């Protein structure tokens, strides 16, 4: 949607993806494993607009002295509902995990620039996901007409989410856990490297997970000269591009500039990320 | 209880009534009429200590950005429970009114200096109550071996609480409402004046309600030269005497001083209250 | 019912604007609310040249508020005019340009550039940003420098000038007076308050910049007091801000002496806030039988119990 | 595990005390917690003569905090000694006397009286109360007056002297330094911040005094910053306070540079707070394998990413 359409201006120059604010009702909010939960909401206006890799900015209304929204990747979309897969890590997610069906949340979404969905005949997608990063990866796998391989990693067995669901989509799944309790023992980049050593032709990487993992995937993409799209995880206030909180260093011209993960991202071409800029 | 007992000090000089902090469970929290609710809590440690006119300082835990406790007169005591009769007027009482049985509150109590319970053969008690002031009056009526008359007043019929319960205790009840929807039309001081004009011998006034009502009762006590005990309503922070928020002007020597309603009160001898001090 | 107010020669259709740095350049929120309903849009602080801003993390959440140390990232005057001005110019409501610089001359130069642009609603001189080493708060905590900045800008433009004061002073009255005397048409009160938070597990400050500015509902009682004090000291209108979430908050500022108000941090968690505040002010006036919002500006009843 | 810390020549068994004006004279809380577990008890501000205090309403609740304008009601030195000292003297933990006056001489006279009393733990000079017309903050926002007060008290007593600084200054460093140079053994940071709230229905200020002091969790980020800044400026220990509710809050102050902390407003809603904070600090040290709380004082890792 062109923002210019909203005004009488003859000079609309900035393209913004469609977004809106919606009060949504919780349909389900169940524990998946350990500290992970799946939240399903009825969001007839937001749900149809979602692209893989986009996120919803959620206001957990019962929090009173904690005001900001929390960003979550959109995990699944079905009819007029969408769901998120979240880990209870702090105040917001803990309060969220105790909210029963029927209660309401305020959502702004869908937000951000998502992944490029692989088109038929394009590169074979290799998805790399750590922890709750599997959420964004799932929607990408589901929407991708091209099947590929998902590499999922985590600390322990409980951090491996929706493995069966990836298989049900017809994707291969390679699992690694740091404690070896499930799949290969070690980091998720190990099975990825093994796969790439077998050949890199026509492959493309997509990754979502903790920043060290993204950095490792970026380095691997560099080494093997493969395209890679990384979904970056930064703290966000507004989620819509006004506050300039969520920036990462991105190459620009001869140097670099700060770009917003909520607007120019969260998905960035790995070649653009200026990892070397020290904070 | 002598605080001195708590220390090795040989010079304990200040008497403080027993109080404690207790986490209590909500047993019932039902609407009485209109905006009035009755809350029953299991408070095995606080309940046995309560004297009529004392209050509980209640922390409504789900309030997050609103931190202070709320004071409520203790309405009824039964076994290891006590109840309060409260009106939902603002943030705290509204949140409280939505708390279901089973949830917990933190209570400090019983606090303050209560009413002098009429002893057999002493003056006939005339209780004057407005709105939620009926709560404190009920416990006094129940604990008083001497029966008397309760004058209850309010804006409308819904502001007249526990009328039947006063009657069940064997007390006479005279009702006045400002809109005439129940009992006499007008202020509660009208039936009181009518009663006093019939004779004042051996009568003593006890009052709890809005400040203008207390002031009127104080004036009537003065005119008829009757003893009166008034339960004063002031905003409170600590409830235990440390913050000096809740003070009212009280006569002292030739002049007056600020005394704490939470500690020297809430019940004051009406002759002591320095109404004439302008704020 | 009149909601319109006057800031210098600028007329606002209602007294509720959005605060600089919390609303980008307007366009970002265009899909979420009707910008043409606002009193005005104030854009993020602009200096002459593009600014990269501070390292991250740039914000931290604190009790009933947040810290930020963005470091005034921005596209500079030219970048702004190219990227955002066509959109803003087409709005029916005025745009306020939040201006800063590292020298008095830079403030004046930016003022001149916007004067030449035409159609700008007003300039808001940010002499109170706590998050940059040069410029910003240094001008706002020194009465002489403050006078110089305002005087220089006054000479550079005929646009309405609003001086955005720092809360971080012993008494705000002399600063308010100095801005008025130097030709400011209005004051904005307040900017964020210098503050800090520490992550006890990593033992690091939560902000890369170590310190940042505190905003949100937690600062409202400080802001109300500053507006009240400044209103007693000057005759020019005041734009009150700091923690506004509801119409009641806005009315508190207006009673304290603010002619208009701005919604800041609340935009981040509830983009509809400004519109809700406008509706709520209207309701309050109706309920109290007041036909004009200007009738309640500064109408605090104090000392007359 | 060592929790004890040193404030001048005074040893505290642990670094957690209660803040002046939020704990009365100790005795009021004696039934609700074991006072002998505290680092110290600080009593409500005392001047030479009894003080009636301000008119009511004296407090108002605000978002994540409160305003107060008590006006330092108190029994004066003699009244305090007669009514409260026998109880306090018998405690195993030191009592800190919060002292104020309307003249430099009065501060010194009160100091002399408490010096003569014996057994007092320390004097905390309150030069920062925002709620009285004479005295209080006027001494805390003028470096020269501050020096005079501290110097006069230093001459009047050999008791440890703690200067309680005002937050309401452009930079706290010169005040911290002035107090240190004049012989203060420690600093308390911070007192309440000047603020205000209005009841929009009655259009009156919520406090009879119009303005009051803001305290509670809402001010913590401001207090942390002031402690950090002061700690860089002086060598004497700092007692940090402002919004402490949890051990994490207290540890934030300690990392910023506080040797001890005080719990204030939180006492009102949760009298056990100070004891919970002590337990939590102990737990934090155990969890991090630190044997002595003094090892983390000022250990903020800043600028070394």
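Just so it is clear, A, B, C and D label the chains in written order, and each chain counts residues from 1 on its own.
Note that a contact is a pair of C-beta atoms (placed from the backbone, for glycine too) under 8 Å apart; a residue touches a chain by one contact, two chains touch by 3 or more.
Values in this document were obtained by computation on a predicted structure and should not be read as measured data.
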Third chains touching both subunit D and subunit A: B, C
Maximum centroid distance from subunit D, chain identifier (CA atoms): A
Between subunit D and subunit C, distance of the C-alpha-averaged centres to the nearest whole Å: 34
Euclidean distance of C-alpha centroids - subunit A vs subunit B, Å: 57
Centroid distance [mean C-alpha coordinates] between subunit D and subunit B, Å: 35
Approximate Å spacing (C-alpha centroids) for the pair subunit B, subunit C: 47
Contacts with two or more other chains, residues of subunit C listed in rising order: 63-65, 208, 217, 305
Junction residues of subunit A - those touching two or more other chains: 65-66, 279
Residues of subunit B touching subunit A in the complex: 62-66
Residue numbers on subunit A that touch subunit C, as the complex places them: 1, 3-4, 6-14, 16, 18-21, 59, 65-69, 106, 108, 234-235, 237-245, 247-248, 257-258, 263, 279
Interfacial residue positions of subunit C with respect to subunit D in the complex: 62-65, 67, 141, 168-170, 193-198, 200, 202-205, 208, 210-211, 214, 217-222, 224-225, 228, 243, 248, 251-252, 255-256, 284, 296, 299-303, 305
List of subunit C residues in touch with subunit A within their complex: 21-24, 27-32, 44, 52-53, 55-59, 61, 63-66, 68, 70, 73, 83, 86-87, 89-91, 208, 216-217, 265-272
